[in-house]
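What follows are several structures.
Next, two complexes with subunit A in common: one pairs it with subunit B, the other with subunit C.
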Partner chain A sequence: MLTIDGFKQALRHTQTEIESQKDTLTDLDRAIGDGDHGINMSRGFEAVLSILDEDYDSLGALSKKVGMTLMSKVGGAAGPLYGSAFVKIAAAFGDAKEADFALVKEALLEGTNSIKARGKSEAGQKTMVDVWEPFALNVDEGDNYDSQLNELVQKTEDMIATKGRASYFGENSRGTIDPGALSSSILLSALMKEVG
Partner chain B sequence: MKKLIGEASELVSQMVEGMVHAHPELYGRVDGVNVICRADGAKSGKVGLVSGGGSGHEPAHAGYVGDGMLDAAVCGEVFTSPTPDMVLEGIKAADGGNGVLLVVKNYSGDVMNFELAAELAEGDGIKVDHVVVADDVAISNKEDRRGVAGTVFVHKIAGAAAASGKSLEEVKAIAEKVASHVRSMGMAVEPCYMPVSGKPGFDLNEDEMEIGIGIHGERGVERKPVSDVDAIVDDLLGHLQKEVEPGEVAVMVNGMGGTPLSELYVTYHFVAQKLEAAGYKLKRKYVGNYMTSLEMHGFSITLLPLDDEMTAYLDAPSSALGFKL
Partner chain C sequence: MKEMAPSVPIHLAGGLEDGSIGTDVNRIMAAIEQVNEEAILLSDIGSATMNAELAIEMHEGDQKIVFFDGPIVESAFVASVSSGNGMTAEQIVEQLQNN
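Let's look at the complex of A and B:
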């Protein structure tokens, strides 16, 4: 069961993990992008940390605040993508103070759809969608979430990017995992740990 | 990598402060945001023109704020699209009551953030439209092409059209005309270094160069042994000439930020020689730093086929520091 406190804990955990993998995210982005993903995500989650001390009446209110914060702090493509995902997740949570596995899964599907719509992207293009979509569609309660997420991240290594800045490198984008896929797995892993 | 900066995270805000302080007659700053606007505010009745994107491209974009060009420039973090709330501030600062046109370079982040801002502005009752520039022929798929130095011609020509009192629809039409005809391609012999991480955009051996670079420090589409500039110009023009027919053109040789002017003029010398031999008439010529990539050592070539309308707008007065005629 995901509670408001659990959700906050997941976001704090995400921030810690993003910080510790900041250089990895940036290096992956240097290889197939413009080398700022770690820096941007770190700035965004640092800002998220500062809103977690406030009280929220619902999962929806917290998620919406996180979305707006990411949208205004991350920049680049990741800002609007993560931002709109959290805003859509907020709509799915609504006024609920806690969410069971089914509701979390539904919210993640909504988040996925929002990322796809905003980024005009589909699965298979070597983007964060390649983690969000298959995970949200296929995850079952009690699964080994981390191993599923890791597998999805690794799968992006062999893909050729056809969306986002990595697509400029065409065939040369193969052989590097997608940094957005990795940051997505960090976030989803922290969230699922709280869902249980 | 050595940098002449203070705290890297304050780079953009300190740059904006510096620009406004140095040129108070030209620039104002929207309070608390990295948005540069005209010192005298939005011009009532004129279509507002807003551009921006990540920083690190100076003089783009703030250097193009001024009479006859942009009304506001939104300065994101280095190489990172500004956020929608920042772009919204730029739109408000540029709105003279007759609508605002956004000039956006074709990067997924920029397009998303500017589109979100346009939605927010429309919610506030401001009429907003946008044009996307995708002039980089290094990318073969036209939809994925990046917006690079050709964007400056869009600023200049759309800016002059707006200054002459054209409507939002008319300014958009001429901006689209420039955007659909302008073509660019760039190269680098040395990468640039990200201010926060201190790392180069790519690792390049002493005897190698990157062809088909963008303006965000990213690798090019092709890595080759370095050759002399004569041959490099042949390579880039080969791509550009496939898409721009011989005729009257404006040509721009743009430095990437770390290229001496002497080298830019040498490059231009070969560009002019080869284009004229191929039947192009170089009606307007621009050599200098227009759209840079921090301290990257390289250049880009831009060609814009001209007609009388575009030529007249190119020649119209501009007070923008980055585009003195």
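Let's look at the complex of A and C:
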């Protein structure tokens, strides 16, 4: 069951993990992008950290605030993408103070749709969608969430990017995992840990 | 653009609050707020385009904002000169699309 405190804990955990993998995210993005993903995500989640001390009436209110914060603080493409996802997840959670597995899964599907719409992207284009969509569609309660997420991240290594900054690299984007896929797995892993 | 169309207001909304590279949807919305009646919103690539579309969706004012996704330097040049010549935002976008 995901509670408001659990959601906050997941976001704190995400921030810590983003910080510790900041250089990896930036290196991956330097290889097939513009090299700012680690810095942008770090700046975004640092800002998220600062809003977690406030009280929230519902999971929806917290998620919306996170989304708005990411939209304005991240700077790169991850801002509107993660930002829209959290805003859409907020709509799925609504006034609920806690969410069971089924509601979290539904919220993640809504988040996925929002990322796809905002980025005009589909699965298979070597983007964060390649983690969000298959995970949200296929995850079952009690699964080994981390191993599923890691597998999805690794799958992006062999893909050729056809969306986002990496698409300019064409065939040369193969052989590097997608940084947005990695940051997505960090977030989703932290979230699922709290859902249980 | 200032030389060719000095009377046309241009609001810049790129960069983050602290001056670093990127885009912030709030800065784009703040620029939209400064528009009197109508404006064309231009972006370059990546987050700028997504945040421009997001800002228009979130905008609640009466100003009419038309987004054009094209080469920013050329588009801004054509748009400012055409606007100075009295064309409406819609006419200008149509002209840009046909270029």
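In this text, the second predicted complex is superposed on the first by the 196 of 196 C-alpha atoms of A that agree within 3 Å, B and C clash if a C-alpha of one lies under 4 Å from a C-alpha of the other, contacts with A are read in each partner's own complex, and residues count from 1 in each chain.
We take it that a contact is a pair of C-beta atoms (placed from the backbone, for glycine too) under 8 Å apart; a residue touches a chain by one contact, two chains touch by 3 or more.
These numbers were taken from a predicted model, which means no experiment stands behind them.
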Room on subunit A for both subunit B and subunit C (clash or fit) = clash
Have a look at where A:Gly35 lands relative to subunit B and subunit C in the superposition and call it first, second, both or neither.
-> first
Which partner does A:Gly60 reach: the first (subunit B), the second (subunit C), both, or neither?
-> neither
Once the structures are superposed on A, label A:Gly111 by its partner contacts, choosing first (subunit B), second (subunit C), both or neither.
-> neither
For A:Phe169, is the partner it touches subunit B (first), subunit C (second), both, or none of the two (neither)?
-> first
First, second, both or neither for A:Pro80, with subunit B first and subunit C second | both
Does subunit B (first) or subunit C (second) touch A:Gly119, or do both, or does neither?
-> both
Contact residues of subunit A, present in both the subunit B and the subunit C interface = 34, 36, 40, 71-81, 118-119, 164-165
Contact residues on subunit A for subunit C in the complex?
-> 34, 36, 40, 71-81, 83-84, 118-119, 164-165
Sort out for me which residues of subunit C touch subunit A in the complex.
-> 16-17, 20-26, 45-47, 50-51, 53-54
Sites on subunit B touched by subunit A in the complex = 9, 54, 76-86, 107-109, 112-113, 116, 138-139, 144, 146, 194, 196-197, 199, 201-202, 214, 216-219, 221
Contacts from subunit A onto subunit B in the complex sit at residues 23, 26-27, 30, 33-36, 38-40, 43, 71-81, 118-119, 163-165, 167-170, 172
